[in-house]
Structure formats: C-alpha cells, structure tokens
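Please find one structure pasted underneath; my questions will follow.
Chains here go by letter, A, B, C and D, matching the order in which they are written, and residues are numbered from 1 within each.
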Amino acid sequence: MTDILRVQGLRKAFGGVVVANGIDFSLSTGAMHCLIGPNGAGKSSFFRLLLGEHAPDAGTIIFDGSDITNLRSFQRIRRGISVKFQVPGIFKALSVRQNLEVAFQDHLNGQSLNTKIHEMLDFTDLHAEETTPAGNLSHGQQQWLEIAMAVGVEPKLLLLDEPTAGMSPDETRKTGEMLHDLNARGITILAVEHDMAFVEQIARRVTVLHFGSIFVEGTIAEIIDHPGVQEIYLGTADV
Amino acid sequence: MISSETTPRSRTRSLLARLEGPQTMGRGPAFWIAAAVAIAAAAAYPLTADAWTVGNAAYFLIWTFMAMGLGVVWGYAGALSFGQTAFFGLAGYAYGVITLNLGAAYGLTLVALVLAVAIGGLFALVIGYFMFYGRIQGVFIGIVTLSVTLVLETFMAQTAGPQWRIGEARLNGFNGMSGMPPLTLPWVGEDIALYPGPSLYYLLLGLVVICYLGLRIMLNSSFGNVLVAIRENPHRVGMLGYDVRLYQTLAFAIGGAFAALSGALYTAWGQYITPSSMGLTSAALPIIWVAVGGRRDITATLIGTIVVLAGFQSLTIYGSQYALVVMGALLLVTVLVAPQGLVVGAMTFLGRIFKKDKS
Amino acid sequence: MTRNRPTLAGLMAGAAMALVAAAPAFAQDGPIRIGVLEDQSGDFAAATMVKVHAIELAAKEINDAGGIDGRPVELVIYDTQSDNRRYQEFMRRVLQADNVDVVFAGFSSASREAYRPIVNQFDGLAFYNNQYEGGVCDNNMIVTGAVPEQQFSTLIPWMMEEYGPNVYTLAADYNFGQISAEWVRQIVEENGGTMVGEEFIPLGVSQFGQTIQNIQATEADFVVTLLVGAAQASYYEQAASANVSLPMASSVNVGQGYEHKRFTPPSLANMYVTTNYIEEIDTPASNDFVERFRAMFPDEPYINQEAANSYIAMNLYKQMVERAGTTDHDAIRSVLAEGDVCFEGPSGNVCLDPKSQHMSHTIYLAKVNDDHSISFPKVWDDIKPYWLGDAGCDLTQNDPSAQYTPSAPPPAQ
Amino acid sequence: MDLLQNVFAMLYQFGDTFAFLVISCAGLAVIFGMMGVINLAHGEFIMCGAYVTASAARAGLPLPVAILTGALVAGAVGMLVERMVIRHLYHRPLDSIIATWGISLIATQGVLIVLGSTMQGIGTPLGSIEVGSRSYSLYRLVLMVCALGLLGGLYLLFYHSRFGVIARATIQKPHMAHALGVNTGRMYGLTFGLGAALAGLAGGLYAPTMTMVPTMGATFIVESFVTVVVGGADIFVGAAPAAAILALIKAGLTAWYGQLFGQIGLLVTVILVIRILPGGLSGWLKGTTR
C-alpha cells in the first residue's frame, strides 16, 4: 500500500518551546489512525503544521506524492486534505444548508450541489434542521455538521481534532460509526483523541507523541501495554 | 460557477433567482410588489415636489453608494473600514482633475466618472491587498484605513500653492477644488448638464436601483456565500479550500469602488471637493448610516442611509444646535436597543406581523 | 462658468426656477427674505455665533425703522455646523426653496468655496462678511471682510519700523495661511526687510515645541502669527511659557477669536493686530454699537470684526435695495457700480469698491498689553482693497467667478 | 557649549513629544489595550478632565489638587458611562465604537450648549529656564517627569497591587475570575473608570498649555490611538517603547522637514507597524506574533 502522507524531520520551535522535534511519520492510504499523547505533547501543533497554519523550521511534508511543505493552507485543502476542529468550526449565523453550500459550492453547482447537500443531510440526520441557524444546533449536531462539511469536499485525508469532545456516549458511538462509514468509502482518517474507548472503537494503529517527537507507534493493544506510555500519562497526570 | 451546458436564457434565470436568498431580507411577491411600489413612488416623486426637494433627494441618493459599499465590506465580509472616505475623496479629486483637463463636451464627464470610479476601486484593491495579504485583522483594519484617509486629508489640505496643479486643475488645498463641470449628457443640438434637479435625480435613482439589484445578486451568489462565511469564521473558510485573503481583498475593492462612485457623483453634484471630505468626521458618517440602518442587510443599509441623512438634515434645520446631541443619542439607542439596526429591527417586526396574519 | 446652459433639470422644473426669477416681481410688497448660513455649532462656533446676533440686531433696527423701502426684513437662519456639506445643502435650500433675496453666509474660506458654485448656478447674491485671504472676483459675491493688502500693508511696515527688519512667519498650512504668508513676504521685501524664517503648521496641530525652538534659533525681530483654529491657538500659551518674548504681528487673532479674552495674561502680550473692528474701539459710534448690541444680547462674550461686518453688510444691502428700488440683483449691481455705496458704521466710514465688490476699511492697530487690555497705537483711515482691481479684476466689465492669488493673478486682458 | 545646547534641545523635543504621547495614550491603553473597547470618547474624557481642572484652579485650588480633581471627576463619569452603556457591549467591540462615538457627539455639543464655545484658560505655571541662548518652559519638563511617573505608577498598580492582579485576571479569564468569587462587573467598571481617570489626568496636565474648547479632545485622539496600536495589546511592554519610537520619528521629522511631515510620518508609521508587526511592539517583543 502507498503512503498518502509522509512527514520527514519536521521541526518547529516558538522561542525556546519546541513543539515538533524532528517528527518522522507516515500514513498509508486508507488507514484509520489515532494520534494520542499528554497535554502539550505537540498534537495540535502537528496538525497545524500539516495544515500549513504554521511554517516548519525544517522538514518536508509529502502528500499524495507531492511536496506540500511550502503551500498555503487553502492550497493544501484543494489537494485533498480536510479538517474538523475540536471546537466546532461552523458558521453559526448561517443556516445548516448554507453551511453545506459554502463547503461544496466550489466544485459543485446546480443540481449536483443540491444532491450533495441532501446526501450530507441524510448522512448527518439533519434534514429537519436544514434552515435552522447552525448556532442553534446541539453540540453533537454541530460536530456532525462540521464533519459533513469536511467530508463533503471528498478529501483523500481527513484530519480530526478530538471529534468527540463534549459529546454524550451515545453521540460518541454514533460518531465512531460515521467515521467507519467514511473510511469504508476510501477516506484516510487521522484523528487526535483523548477518549481511549473511542480510540479503541475506531483506530487500527496508534501513534503516541511526547515532547514534540514520536514516542512509539503500534496497534492499540501494543500501546496500552507499553510501560513507557503509562509512565508518560501518569508522569504528567497533574497537568 | 455556472456549468458549461447552461443556455444563456437559463443563465439569466439563474442570475435572477439570485435576487432572493438567505443573504438578503425580503422575498416573494409581497416584497417585490412593495419594492416596485417604492421605486414607482420614487419615480413619481419629482412630479409632486419642488425643485429643491428633488435636488436634495438626489443628494441623499449620492451617498447611498458609499453606504452600500460599506455594507458589503463591513456587514457582509466583516471588515470594519473606517476609511471609505479615502476612496470617496480620491475619486472626487480624480473626477475634478479629469474634467477640468478634458472639459465637458462629448459626454467626457461620463468617461471621467467611470475613470474616477476605476481609480478609487483600484486604490482600494491595493490597500486591500496590502492589508489582507499582510494578515491585518479586526479593529486594526479600521485603524489602517482611518490612517490612510487621514494621510490623504493632511496631504491635500496643504496643496494650496500654485505648484500643486495637475494639468489645468489646481488642487487648491484646504479650500477645495471647484469649477469642474457637472455630469453632462451628450445630446443632439446642445449637451444636457445634469444640475441637481429631476434629470440628475432620475439618473441617480436608476443607478441606485441597478446597484442595489446587482448587489443582491452578488451577495446571494456563491461569492456572497463565501463572504458571509468569512465574516462568521474566516479560519474555517480557509480550511474549506478558499483563499480568504483574495475574497476579502475583492470585497474591499468593491466597497471602495462604491465609495468612489459616491465621491465622483458628489463632486459633480456640488462642483466642489475638499480635503475635509476625507477627515475624521466625514469618515465616521458612513459607519453611522450603515449601523443605524442595519449593516447585515443591503436593503436595510439603503433605506437606513436615506432615512438617517434626511433625519439628520431636518434635525439640523429644526433642532438647531441640539441636532448633534440628538444624533449622538440616536446612535446610543440603536446600539443598545436595536443592535441589528433600526431598519432591520422594523423589517423583522413587519415580517413577523405579516406571517401571523397569513397563518 | 457653465451656468447659462439650458439644462434638462431647468426645463423640467421650469416652474420652480421661474418662481425664483419671478419672486421679486410679485413679492414687491411682501417681506424681504434674507438667508443666514452661519456656524452655530462645531469648530467655528466661538467666532460665528456673534455674526448671527449682529444680523438679528440689524434686522430688528431696520424693521423698527420701517423696513427696507417699506418692506419688513425676514431672516431665514440655518446652522451650518462648521461643515462644508451643510453649506451646500442649505445654500440650495435658501435659494431654491426659501426663495431668499440675498444670503449672508460663511466663516471659513472652504465653506465659501463650497457654496460659491451654487450661488453662481442660481445667480444669487451672497455677502461674505469675513476677513479672508482675498482674491475672490465674482459678480455674485460681495465681501465686507478685510483682505491681506488692507491688513498687511499697514501692519508689516509699522512693525518693521518699530521693531526691526527681521521677520519670522508662522502660518497655518492651508490657503489662508499660505497666501497671507505670501503677502507678508512680498511686503517685507518691498520694505527692505529679511524673512529669517517661514513655517507652515498643519491644521489641528496643538504642540509647538519644535517650532518655538526654530524661532529662538533665528535673529527674528518679531513673529507674524497666522495661526488658525482652537488647536493652533495653543501656540501662544506654549510660546509664552517658553519665554519667547518677541513681539507678534497678526491679521487673524484678537479680531475674530478674541484670544486676549480667553487666554490667561500675559500669553498674548505684545501682539499687534490690524483689524477693522473690535469692541474695545473707543469711538462714539463703536460705543453706541456695543451698547445696542449688549442691550439685545446681554450675554454676548465678545463683539468681533465679523459681527461689525455683518451689521454693516445688512445696512449696505438696505441702502442698495432702496436706491435700486428693487431686490433684483442686476439693479443692485448697477447701484454698486456707481461707486458711492458707503456706510458710516461702528468702525467708521466704509465704501464698496465696484471693481472687486470688496469693502474699504478703517484699519485699527490693536496692541495687546501685558494684562491683555487693548490699546490702539495707530489708526489708518480708508484703506482700500486695491489689489484685485489693480491686478485686472473688474466686475463692472466681466465676471470670471474665480479666486486669484498674487502668484496666480487674473489672466492679462 | 553650542553642541551641548543642541543636544539639550533635541532631548527636550524628544521628551516633550514622548510625554505627550504617553500621557495622552495611557487612558486609552487601559481601555483599549486591556479591555479591547475602542473608546472614541477618549478625547471627551480628556476634555472633561481639562475643564474640571481649569474650573477648580480658578476656584482657588492649587494646580496639582485641581488636576487630581479633574482626573477623579473624569473617572467617575467614566464609571457611570461604563455602567450605563459599555457594560452591554463587551461582546460587540464594533458596536462599542459606535456607542462611544455617540457619547462623544453628545459630550462635545452638550458642553458647547451648556458652557459656551470657549472657556478661559488658566495659564502655564512655573515660567521658563534658560539653557544657553534659548529658553524652555519649565512646566513641560515637569510633564516629562509626570509621564515617567505615570508609567511607573501604572506598572506598580497592575503588577504589584491586589487590584491590578485581579483586574488582569478578570479581563483575561473572566469566567475563572468569576468562579473564584471576583465581582467581575465591578472590576470592569473600575478598570474603565481608571482609563477614563487617566484620560482626565491627561486633560488636567495639558489644560494649562492649551486652548480650552469643547472639541479640544480631538487633538489628542489620533496620537493616542497611534501609540496604543503601535504598542500592541500589552501596554507596559508595548506603549512605552512605542511612545519612544514614535516620539523619535515625529520629533525628528518635525525638526528636519517641518510639522507636515511630522504628522504624516506618524500615520504612515502606524500603517507600516500594523503591516509588519500585526501584534504591535509588545507582541513582537514577547516573540509570540501569532
């Protein structure tokens, strides 16, 4: 299997704080992968570097066979990376439908846009809320709406930053099912997650970040049993 | 945005469909009948009013372009520009310089008008590029634009000397440039000079209607969708693959071109333009019109601007020295009681009553 | 000017236009309507409120004495808020909607230039009752304020004789300041003096540390201060506290903004101003004027030269209408062209010059003493506004409706 | 001797401009820099302080007491305004611009109607000193000392007093502060009042040197905003160096090219600083330009 994403020697420091300390990381096409690590391990910074919100001090990012290290965020998105943030990144004053329109209108129009919107309303079960301002949705619904916006553009790689934060157990389980569904459609998924139960539900492989470097990578079982991982979490349990 | 298989007719239809949409208040036959009645009333107005009132109404219409432009930049794209007057003033001076050099024959004043708007819009494009591609955000946009307009004002105010001339046109410093011809339509026999009065009024009314409908189409198009999305959450828009800076710059340039249209028309109207039209007080006025009317809706901006202009003028006529106090109080009341704007508040209220009646 | 062209507006609104033209014809027995556009709020209010009061006083006196040619005077007053746009709006209003016979309008030169195209368009008649930088050659304007040649050809030679030939000019950086500075330069050179410094200050500047130092670095014998506006007036306080003890010469202070009353002594001490009127002038005519003024407006802070000008202008207009027998503008202008329209007013005898439609003045040299009282070391009688006429402006022959300056004079005939 | 005299002259000009910028921007820096409220009525608080100071001084109070009275009255008015208007607008920063502009209109015109178009000044105290052949206003040297004192005082207040610590905590993390039992509403009110009082202080300090008119605040406002913006969000890290740099630019341009270039240079500087350092000087100095 080819790698959709390959990161080599990625380094970034803010003043004296090193948030990425020579990360080497690769993700095979079609994977469903989780990124974990204690607070301040550099997970969010890693996402920002992937998305082009921070420029790395050193290293390269190869996506889908081409070097995207120097591309701007929107250009990376156009190449097929999509993202869902921890805090729902939706347009609260706009209706659910408008949110979806904005997300898809760039590559669809007319009837095909309409079809896509309906498909996504089905997917998120938000038909009844089509004209509701997105800010009035429940927290879980907002998260789903954003996932719909993120996947409706048919990305090759979907980045998820704590997709289940603040969700009820029921919503969490439903979200997991959605992700499996998307993965089955061929979207590679990379998620940052804290909830280990959820990680177990979705991830086939897990990478642990610590102090801006990759600490260990393996299957979920391997990670749970790894003594170093427990130490990292316990050692910083007071954070 | 429109796929290749569409015929010209369906393209027109889909453009017209954009006259309504989530970005603009008012839809359905009731709204359009009301709009048609309003336009018809505005068109019939000169038949009943005296020459001064008509000329004065034309004067109010002149300002609505700047207000609608600011509505796009601030209300829709979410960037509060405090310096629309920079583009207004630049275009005003451009109109003066061009017409004083070229004269008013052969409809050259109309060419001057177009050139002035282009110059103002281009300058806005440059400033917009400078700001948005320089990652300037939020209140800092207001401060940069205000600085730009104040620099222009300070500079123009000291150009009184005879060395400050462009061709035939003397800039004439703080006292302002005058003597430029009004808009002139080429006509068989003799050209028609559009002094403030019914003919200028009709020309402006036509322009307002065209610009208003054009803006409705633009705001409900995919471009407008992205603008409001940027206002709500620019970060997310970038993460959907849009170049946010480009959209903001374009919106800013459009807003600037509208301000420039007001500026050139104002100069033609009064045959006079002065640096103080770029000063602090002038710069604040468009913000007030737009805020009081309602910035999030182009219809409210349009109506609000005319109401506020007319209201403030009558306050000055009848309220004498209390006018400014009342204006200040009105602003406070708007912000505290109807933060969406008085016109939007009223329209929402009317809409609710209307719906109740129906059901 | 293009105002003689037929316009579509003119054709369509012909009725209204005809009203303006015909107004004098059928209103012959009605009141004479006078438009008053002055700044009663905003930046200039301090100096201009009194102009409105002076016009009201004149109107009351004229009406008490039976009106103009038997017709009462009616004032149409608008507050222009120190805003050029209001001048444009209201000048149209008084000419088009209120159908006034004459307008008294404007403080700043910018406001005058804002409304002048409109007066021209409707062929109205406007009195501008302010001292200003001079040079307006326009048939539709009558100017009663003093102009630079009247104020500087008297002031500068006197100062040079008294204090020495080295002159430093400090002027507001706009038309009035720049043109006045040009006059000062010219007169200093004609009289064999030297300009040791010339500095222009943008409007609105209120901090003068560097300027004060520049002045101290020269050998100036006196400073010509042509500063305008409340912000720039802070110069005097700052200069005094830095002990710049040079005499000052000005055409603009005291006479309109009564700075000697507002600032704490002795910041204005040793300032010499040429003005055509201030309330301290101790002549029977002046004292009588002040008494009548205060009787009607007891709280008036100060009666300045613009108040006197406005009062005089009302009376000049009355005289011209009565001699013409009509308010028709052409008839009034032909009375003016006779060259003997004069008035013995609070400031002495004044006459209108037919060529430029400006006014001659008695020029008083006012000296501000240490306690900010005023004394008058010198008075010049009958100083004429000669420059425009000499330069080639002759409104009895043609009407260029333009403003000229010494460096941009009228084109040679 | 000539050299010394020139050096002193340059230092004096720099110090004079520096003092003006620091004193006039302090109130705005607290309100805008800390609370994020763009206070367009800043100039009117300055005018309020100046008017009260002048009236108090004429009523016989010694000048320093009169200036303090001016600051206190402006502060009280500020708290009142915060209570009635600003409090409702913390989540709508753009609306607060409009509201404060409304307040500014009412204040300027209201004062004109009630108190007339001008007020008699109180004269600059202390006279002048001679350095070489030139003389300088002693009071303006006092103003420079006041500017430094003001910076020091604010630093102590915000970093070494209970009020300052709570105020900073409240404004940075209002929910946390609220949870810890801080009366956040009162803290906002006090902070706004402090900003208004500082503006009043500026008015009081400059009242003896300026023309007293209702629109006098307008001459301060552009300079204050420029300083605060160039300084960035953290007033202590940013405002003082910003004032120093701007004073250098303005005094230099004014000395060599005249007042016009001084004015224009100031505005162009602010445009460039915002473009190059979006976080202002403080953001840059802290190395966390976001």
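Points to keep in mind about this one:
Just so it is clear, a residue touches a chain if its C-beta (ideal position, glycine included) is under 8 Å from a C-beta of that chain, and two chains touch if they have at least 3 such contacts.
Just so you know, these numbers come straight off a predicted model, no measurement behind them.
Between chain A and chain B, the least number of touch steps comes to 1. Chains touching both chain A and chain D: B. Of all chains present, the one whose mean CA position sits nearest the global mean of protein CA atoms is B.
Distance from the centre of chain A peaks at C, each centre being the average of the chain's Cα atoms. Chain B and chain D have Cα centroids separated by 34 Å.
Between the CA-based centres of chain A and chain C the separation comes to 74 Å, rounded to the whole angstrom. In chain D, 109, 112, 218, 260, 263 are the positions where the chain touches two or more neighbouring chains simultaneously.
Each of residues 154, 158, 321, 324 in chain B touches at least two other chains. Counting only residues that touch two or more partner chains, chain C has 41, 173, 200, 202.
Residues 1-3, 6, 14, 22, 222, 225-226, 228-229, 232-233, 235-244 of chain B touch chain A in their complex.
Remark: chain D residues 38, 85, 88-89, 92-99, 101-110, 112-113, 218, 222, 225-226, 229, 260, 263-264, 267-268, 270-271, 274-276, 278 touch chain B in the complex. Only residues 9, 12-13, 16-17, 20, 109, 112, 116-124, 126-128, 130, 133-140, 208-213, 215-216, 218-219, 251, 254-255, 258-260, 262-263 of chain D touch chain C when the two sit together in their complex.
For chain B in complex with chain C, the touching residues are 46, 50-56, 59, 104, 154, 157-158, 160-162, 170, 172-176, 178-179, 181-182, 185, 190-200, 270-272, 274, 276-277, 281, 313, 316-317, 320-321, 323-324.
The touching residues of chain C, when paired with chain B in their complex, are 2, 5-10, 12-13, 16-17, 40-41, 78-79, 81, 83-86, 88-89, 92-93, 96-97, 109-110, 112-114, 116-118, 121, 173-175, 178-179, 200, 202-203, 402-403, 405, 407-408.
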